[in-house]
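I have a structure I would like to understand better, so I am pasting it below and will then ask my questions one at a time.
Letters are used for the chains, namely A, B, C, D, E and F, taken in the order the chains are written, and counting of residues starts over at 1 for each.
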Amino acid sequence: MTILDELKKHKILELLKNEKRIDGRNFLEPRSILIETDLIQKANGSARVDLGYTSVIAGVKIQPDKPFPDLGDKGIFICTAEILPLAHPDIEPGPPGEDVIELARVVDRGIRETNMIDLSKLVLEKDKSVIGIFVDNCITDYDGNLFDACSYAATAAILSSDLPVWELKNDQPVLLDKRSIIPISTIPVSVTVGLIDSYLIVDPNADEWKCMDARITITSNSEGNVCALQKGGYGSFTYDQLLECSKIAISVGSKIRKILKQHKKSK
Amino acid sequence: MTILDELKKHKILELLKNEKRIDGRNFLEPRSILIETDLIQKANGSARVDLGYTSVIAGVKIQPDKPFPDLGDKGIFICTAEILPLAHPDIEPGPPGEDVIELARVVDRGIRETNMIDLSKLVLEKDKSVIGIFVDNCITDYDGNLFDACSYAATAAILSSDLPVWELKNDQPVLLDKRSIIPISTIPVSVTVGLIDSYLIVDPNADEWKCMDARITITSNSEGNVCALQKGGYGSFTYDQLLECSKIAISVGSKIRKILKQHKKSK
Amino acid sequence: MTILDELKKHKILELLKNEKRIDGRNFLEPRSILIETDLIQKANGSARVDLGYTSVIAGVKIQPDKPFPDLGDKGIFICTAEILPLAHPDIEPGPPGEDVIELARVVDRGIRETNMIDLSKLVLEKDKSVIGIFVDNCITDYDGNLFDACSYAATAAILSSDLPVWELKNDQPVLLDKRSIIPISTIPVSVTVGLIDSYLIVDPNADEWKCMDARITITSNSEGNVCALQKGGYGSFTYDQLLECSKIAISVGSKIRKILKQHKKSK
Amino acid sequence: MGGAKTDIILLNESDIRCDGRKIDELRKIIIKAGVLQNANGSSYIEFGNNKILVGVFGPRDVHPKHLANTNTGILRCRYHMSPFSVDERKNPAPSRREIEISKVIKEALEPSVILKKFPRTVVDIFIEVLQADGGSRCAALNAASVALADAGIPMRDLVSACAAGKIANSIVLDVNNEEDQFGQADMPVGYMPNLEKITLIQLDGILTHNEYATCIDVAIQGCKTIYQIQKKALIDKFFQGDIK
Amino acid sequence: MGGAKTDIILLNESDIRCDGRKIDELRKIIIKAGVLQNANGSSYIEFGNNKILVGVFGPRDVHPKHLANTNTGILRCRYHMSPFSVDERKNPAPSRREIEISKVIKEALEPSVILKKFPRTVVDIFIEVLQADGGSRCAALNAASVALADAGIPMRDLVSACAAGKIANSIVLDVNNEEDQFGQADMPVGYMPNLEKITLIQLDGILTHNEYATCIDVAIQGCKTIYQIQKKALIDKFFQGDIK
Amino acid sequence: MGGAKTDIILLNESDIRCDGRKIDELRKIIIKAGVLQNANGSSYIEFGNNKILVGVFGPRDVHPKHLANTNTGILRCRYHMSPFSVDERKNPAPSRREIEISKVIKEALEPSVILKKFPRTVVDIFIEVLQADGGSRCAALNAASVALADAGIPMRDLVSACAAGKIANSIVLDVNNEEDQFGQADMPVGYMPNLEKITLIQLDGILTHNEYATCIDVAIQGCKTIYQIQKKALIDKFFQGDIK
């Protein structure tokens, strides 16, 4: 941390003590969420999400694949994330570091564990041929909280995606001239809560992210249940704080779900 | 650039103003070209080319392969290049940098875009089994202009190569006890022109290469047409200079083609 | 070498001149060998070997595989080695360096060249389906002479391993509900002799390893023949020293073989 | 969570689990401290069928140097699985899963370690999973905390770790491999028993808010039991001759 | 050039191309400057179906330091394609093609940038192809030049880029994807309109010397049109309020 | 050793080998020194069907610097095979076999080179196998030793190398490719003829102690013959005009 960072941290803490955040938000208020879908025509689905000044473009590519050996009755779902070097001066091109690997895996699990996509409906022939759904997140501007921004972008891209239809002919998948939609069973919403001193704040921006003690990312489903979570950072939570975080994630999540839902494609 | 490099550049420029080059050549005169073929018996074809003190050994390996997905009616042609660390004190072992990747791709395209090898004749069964031709260039001594040296080595190795004959039996390629030759439709010749100040010089040596502003590598075919080209370097060309370069490449190329032709194998 | 290393080397040499070793052993005396087998239940076989304070855990995994193209009538045997970073403060995580690559290949060849495992008995169908035996050595504590420690660990793990039985059904290997043992034809024993000045010492420990001039690792089989060897280090041997080393390896090896034999599984 | 179909009865009518345990019962746990020669601190844990070795080096100089922090020491952690540790032989190159777990464990230990005392240095934690079973990250975390203490690194508390989960609609302590694959939720928790703080928490699977609260609570109880085993391992090492 | 067989009529009897354009007509081009928050300069281009984002950082310190040049600033360029930018999902690791195009674009921009003023520093250009179509390197070059200007890097001129090519035996402007695949030649050209210099030129396909001369000429005309669009993008950004 | 079955008669009733040689006969060997322009020292060897090029650079500064040794110069060696050097095209990335041979050759040369005179520097040996046959490591070692001498590196002796082996129950000199594949043992030996020291020895295959002793002896005789060829190569280079 530079001296400037220290001063900013001090300032942020001062404000929190007076129940204020550095960008004027309430503690439990996420930044504005702007979603645009269908911007990449070569993808089956795509979405750009602006969470404040954090910006992510997600694209969905769907293609036939071999199933995983022990999961022959399910389609494949893989979600990745990359912070583009144009997103921030500190990002260097190259293979992903531990931060980006964690990011991608947390976003992936958030969607996977809610069973958002009914993968059992994406089987062409059991144990032989299934449909694979790849969702790639490209972060184009960084202002903190990539977990939620990527999760919303991936979710919106999936919701707005079409689903090509294949039929097996002589064991080979043949693309038919019709389109369906991805079978959706619930809409996951990820909410990240930051802990600074003893204050819990939703959707930390880059300044807050830098000086927070710990964070927790909780994904809830349409039924208001908790489905996946991940603690991060060098600090720790009390039991009571964790219960509070769950309540926050469920209530804030239900509001954000309404925004995401608007982008759901119908047949 | 070291001070010695600066002095050398100054010297080279002085000479050019007096219509002289540092090694005594005329502006449009390539260095001496020595070609030896059939030096690697384990390869189907091979050639060593000395272009002045730049030296390259190219080897051709031919083996059955699966065709590329969208090119089921064509054989495979791949040309690579590696600067061996014994070629120059500045070369370090390791994965290829951008210079070597560009080199390999420019040499590959020069041969590919002329349609030198008739790839449609290298199909064993459409979409299933084709013949692959791999040409690997190993640079053993560096004195500038690797583009042309590698291109000549690859071309001579291809021209002098035999072609094993396979037949499909139960979908498996079986090697027959006879040899053919690679189907050749034209002979590509790459000519690299360097730009120093406003002077155009053919086949720059290492000293010239180091201080030139820009270069252009133009490959022409037996019919005297331009088939592939690539500009490089931090400088730029005028329209008139580019027209001049094309004329140079075609006329110098036709002379070099005669040397290459001598190494063509007949059935 | 630090000054401390130099002093230690001086000390070691002084002792050798008085026919003593730094840890009190005789020149031809290996350190104590402790072997524990069957410690990893998920492996088909496993062994932990303590050679003095050097400690290695080897695990055997057996699974059906495709044979190597030119070896369709033999099963597959592959032996690896990794120095875990917890084994010594100087070990850094990452891809193996030349030392570890040599170590793994020497241990592999020692077992392979004796024909310890009768690979011709590990064929399910010639050219199509064979059994693969993978032996991985994890070094958990370093005190010199990894060659012999890994060799003993791998050998003990193989000797104590069970062999699952597969049967081909519709060209697919199906695991049967019975167990066999790996077909063993001989027991290899690796003995490493270090050369310091003109003294030959068996099983050098870490201090000796650091200051020795050269080493030779000789593997002998149950019949007392020499089967594989590898010289290492920046020094050199005389002809007479090499003959002496062979005699040492055979005689010391026969004693160690008795220890290893105790861990042989019977049907 | 797999949530896959299975014939295994995860919980029978007497609330006995597939491995014979009660719902609030831990698997067998053995911890030893000081098991390696060359490491500054070390430990070995058997937790169910998990067998894990941990070595700690440091505080020591940081390489490469630009990673050093002039204000504080830093912690590094490598969680690695041996090729023979799992059913299918594992490629020895670190997987994305191993890299993520390394980070999660590092961040679970950081709150317990007083690094400010050793600016410009690093403490390296190397975890080798010799045999993997359900809950290997909790097992590794327990062992790593003991190894840090064995190395004499100044600490605020130990970190004890244990998962809770949901199977057959019941909340259970210490999820095993089958329960992880076929159950409904798995929640690993890392806990500092004296400071009463949670340093690691993850969740895969679906829980209501109340189940979530219960899970954390159950896991914390497990951690408290494990804490006693960790302490005993350290006492056995340091006062072996004295107390017996 | 593919030169592959196809049923597509690349040029009909009225000299109209497969996408409805005339032989000397550009595809639709939209350029915006200053689209990113964190970059020092940025731009977004839609060129036909190409959609490309460019961010510029610098002049700034060079890492690793040994790459720094005491006499001049240096330029670095990374051309990268998103996994979803092409028909078949692309592996995110940079391909050899991407590495070559990065180098070609860097060398096409170098003549336009006055780097001597910033010795020991680097200007980094990051190009992300969100959607790829024929002519993506020209589109990227146009956007990169605007992003450099947006970053306030001192420049001698903009670089404008456009391909010419040969299809159905005619020389045409701005080769699209189908024309690239099934046509006879594709020649991307980068041009500094005020200095009248060519900074990028490549060719795949077969041309007579005269066709070659025509191609360059046609491409230069296209570049001049594009130059106006680039200038407008910069004016829109910097004088948005003032001029409208 | 393959020890695989074959129809090839490795040794006929007149003790003639499959390539027509007697049991104590070397394959044809040609060595040239000073064949490269840019290297400080270089050589080319044809040894049977092996064709190998060696370039030596140094003593020169070490990069990266932390590898430098303040007490002595260091030796580095890279043994590399061209893609077209073997029957099946070889991937150009260095294999584990190439890395091991690089190390073995380096350690075989070290006893012959006086590195103490050049502290903090490195001598780099780059070996390129253009065509591989049985015994390529011995061939490479012979050429590398000549290249070091050609570079003017101070040396105690040359290193000469040759394999002996066992085929059809006989000990033979200089094992070829077929004999390596189908024979009983292969033992490459590196030898300093004046110092009478063995600097490289490896063995694959089964030998009694007596056969082992004979093999070393036979190999040493071969090395002595090769030493004369090495010396001649250096004399030809340095005294070409004078002695003829």
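The working rule: a contact is a pair of C-beta atoms (placed from the backbone, for glycine too) under 8 Å apart; a residue touches a chain by one contact, two chains touch by 3 or more.
Since we're looking at a predicted model, the values are computed, not measured.
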Repeated interface matching C-D, over half of the contact pairs identical, chosen among A-E, C-F or B-E: A-E
Centroid distance [mean C-alpha coordinates] between chain F and chain B, Å: 33
Between chain E and chain C, distance of the C-alpha-averaged centres to the nearest whole Å: 59
Euclidean distance of C-alpha centroids - chain D vs chain F, Å: 52
Chain-level touch network, classified as line, ring, star, complete or other: ring
Circular arrangement of chains, read from chain B onward through chain E: B, E, A, D, C, F
Residue numbers on chain B that touch chain E, as the complex places them: 1, 98-99, 101-102, 104-105, 109, 113-115, 216, 221, 224-239, 242-243, 246-247, 250
Contact footprint of chain B on chain F as seen in their complex: 36-39, 42, 49, 51, 53-55, 57, 60, 63, 78, 80, 82-89, 92-94, 124, 126, 128, 130-132
Chain C-touching residues of chain F, taken from the complex the two chains share: 1, 3-4, 71, 96-97, 99-100, 102-104, 107, 110-111, 192, 195-209, 212-213, 216-217, 220
Contact set on chain A toward chain E in their complex: 39-43, 46, 53, 55, 57, 59-61, 63, 80, 82, 84-89, 92-93, 95, 134, 136, 138, 140-143
